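Structure incoming, see below.
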Amino acid sequence: MPRTAGHFTIRPRMKFSLAVYSAPHSAQAAASALRFARALLHEGHELYRVFFYCDGVHIGSSLSTPPQDELDLLAGWQALQQQHQLDLVVCIAAAQRRGVLSDSEANRLEKPAANLAPGFELAGLGQLADAVAQSDRLITFGG
Amino acid sequence: MTKRLLALCRQAPYGNALAREGLEAILAAAAMEQVADILFCGDGVFQLLPEQLPADIEQKSLQRNLQALPVFGVEQAFICSKSLAQRGLDIDTLVQGELVLVPVDDSAALIASYDSVLSF
Amino acid sequence: MTLHIVSKSPFSSTALSDCLDAFGDGDALLLIEDGVYALSGRMAEQPAVKPVYCLAADAAARGLQIPASVTAVDDAGWVALCTEHNPIVSWFK
Amino acid sequence: MTKRLLALCRQAPYGNALAREGLEAILAAAAMEQVADILFCGDGVFQLLPEQLPADIEQKSLQRNLQALPVFGVEQAFICSKSLAQRGLDIDTLVQGELVLVPVDDSAALIASYDSVLSF
Amino acid sequence: MTLHIVSKSPFSSTALSDCLDAFGDGDALLLIEDGVYALSGRMAEQPAVKPVYCLAADAAARGLQIPASVTAVDDAGWVALCTEHNPIVSWFK
Amino acid sequence: MPRTAGHFTIRPRMKFSLAVYSAPHSAQAAASALRFARALLHEGHELYRVFFYCDGVHIGSSLSTPPQDELDLLAGWQALQQQHQLDLVVCIAAAQRRGVLSDSEANRLEKPAANLAPGFELAGLGQLADAVAQSDRLITFGG
């Protein structure tokens, strides 16, 4: 509930984290998560972490190239990351299965190329658990 | 600051990876000594059917993940009574082991008692 | 109390009915994405629960009218609902 | 050798890309002068609701794809009567245009009359 | 005649019921992946249609018994069903 | 129906094509398609083409690295391709959106890396229509 202090309505600033499971350019949930992230930041809340899991790891691929008249999810997340220093974490185990690799992972796994986009980092599931522990609100985007 | 986390597991095993990746997430939370509980509901109750033999579809059995739960301190799992009834299943016929299955009639009240819910 | 977010059509998925089975007094329901197709069904005349909210952009995208029994919200309203309720449960399959 | 192809379109628009990618596939077949028909069924009938305004969810309207069908020779689309009735929809309230909507009561017979079916 | 392949659980998806609405005389139904959960429901005692086939590997994976009213097939049997019927329609959502 | 010639049962050799829409390591359908392809080839039929569409394009990513005790779908398709000279076609438009690029596409789009696996090729939706026209049987793997 907002509190009223004089003529100002003071809404509590909250710490959000998002878990995003959906493949980009397939499920609308991948786009909904970006819309929600923009909205909560616009409302003055904090986005503690976005954890990309399951097929959501493909959102962190630097090779995605949608047609110019379609939503560019990667560019959207990268712009938001730069503006707000977001912590965009791609689950390393889910990403390895699905072929989203950083330079060091590509080296370690002896793969011919890397495709993790700037602004995203690989980390373990502990980062999801940490986000749960540190955040006032956790929202799952899947489907 | 301790947050109580509930994983709402609604997917059957094997048809998609969400059942497995959900259990992996909850194991990770438990390994960090968080309060992490599970509610099997909907088709998620099928994860607990005994004698799953997925070798011929080239998958690993989910039983290993389920059996790892008590090792990391998740000693019980909630299971939605209504979902069982809809599927003609009896809780006594489901996999037993270290993991204790607790039937839940009022899942609304259970869910509301947690700080965070991850859906799988 | 809990905010339930349903994102699948009630005509092809049990997400909404599963959610309603887990809906408690004081909880709220938000329809997003294909979940807004509930507006074209029985939900329109006689909501099974209340309050029911719906993302205006998702309804408009699909050519759906929002009935009087359902409250339309924009993205800021979505965020507000999430601050006013906890936990937040997504029903997406 | 001419094969008659039916696209079975069962997905609502926008929630996932299958509705759009299905129409793109059928347009490609039609552009190659194949016999390519469409049956909208299940939630696929929602693709034909008028006044879809997806700008605020940052998607393109599917109407453009539907309107392209007659240009490539797909002049009619079948629509499952039962799916309409289940959703309380009347065929006369759906988008009209160059594409003629043909209600189908016996979708089993319609499907069986094709050589190949692509599901979307 | 048509071979209908259903791969989703009837308890969470309308894939099977949509399929049955489009099932004609002489058609056949094959349950694969999560479609085999139909074996644990009413389909077991009183199949709505026949013949009903089921991939043995998918049923075994899930710990399901195959009732007498349903014919188990292996992968070679799956291929044979596909040669004996046409068209082949997949119901996967 | 099989015909009988002396003591041999002669089954007609048929030409199959498959359309595969499912993301690997997420939906079982991606694995079912491989199983079915192996079985039909084992039964002596012909596999005219496999067309990877929608999230199925990720099956053609060279960067996918599942854990050693999990099914390696990429290796499975590549082995089958080599053995039977299969035509494994990844839809170029669907792949571009989702970040599966050949060397030449990566160059053209000025992307930092390519990840289309050997044994797969990019082509347009016309190849799906052609597969329909040329095949006795077409089967969709989705979900």
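By written order: A, B, C, D, E and F. Residues from 1 in each chain.
In the analysis below, a residue touches a chain if its C-beta (ideal position, glycine included) is under 8 Å from a C-beta of that chain, and two chains touch if they have at least 3 such contacts.
Worth saying up front: this structure is predicted, and the values here are computed from it rather than measured.
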Smallest count of steps, each to a touching chain, taking chain C to chain D: 1
If a chain touches chain B and chain F alike, it appears here: A, E
Remotest chain, chain E as reference, centres from CA atoms: A
Chain located farthest away, centre of chain F as origin (C-alpha): C
Interchain centroid distance [CA atoms averaged], chain A/chain D, Å: 34
CA centroid of chain D to CA centroid of chain E, Å: 25
Centroid spacing, where centroids are CA-atom means, of chain A and chain E in whole angstrom: 39
Chain B and chain E: spacing of chain centres that average the CA atoms, whole Å: 27
Shared interface positions of chain D, touching two or more other chains: 10, 14-15, 17-18, 42, 57, 59, 116-117, 119
Junction residues of chain F - those touching two or more other chains: 25-26, 28, 32, 35, 54, 70, 137-138, 140, 142-143
Per-residue multi-chain contacts in chain E, two or more chains: 7-8, 11-12, 14, 18, 33-34, 86-88, 90, 92-93
Those chain pairs that satisfy the touch definition: A-B, A-C, A-D, A-F, B-C, B-E, B-F, C-D, C-E, D-E, D-F, E-F
Chain B partner contacts - residues on chain E that touch it in the complex: 7-9, 11-12, 33-34, 37, 40-41, 56-58, 60-64
Residues of chain D defined as touching chain E within the complex: 6, 8, 10-11, 18, 41-42, 80, 82, 106-109, 111-112, 114-117, 119
Contact footprint of chain D on chain A as seen in their complex: 25-28, 31-32, 35, 69-71, 143
Partner chain A, residues of chain C touching it in the complex: 5, 7-8, 32-34, 75-76, 78-80, 82-84, 86-88, 90, 92-93
Footprint of chain F on chain D - complex, ascending: 1-3, 5, 17-18, 21, 24-25, 28-29, 31-32, 34, 36, 116-120
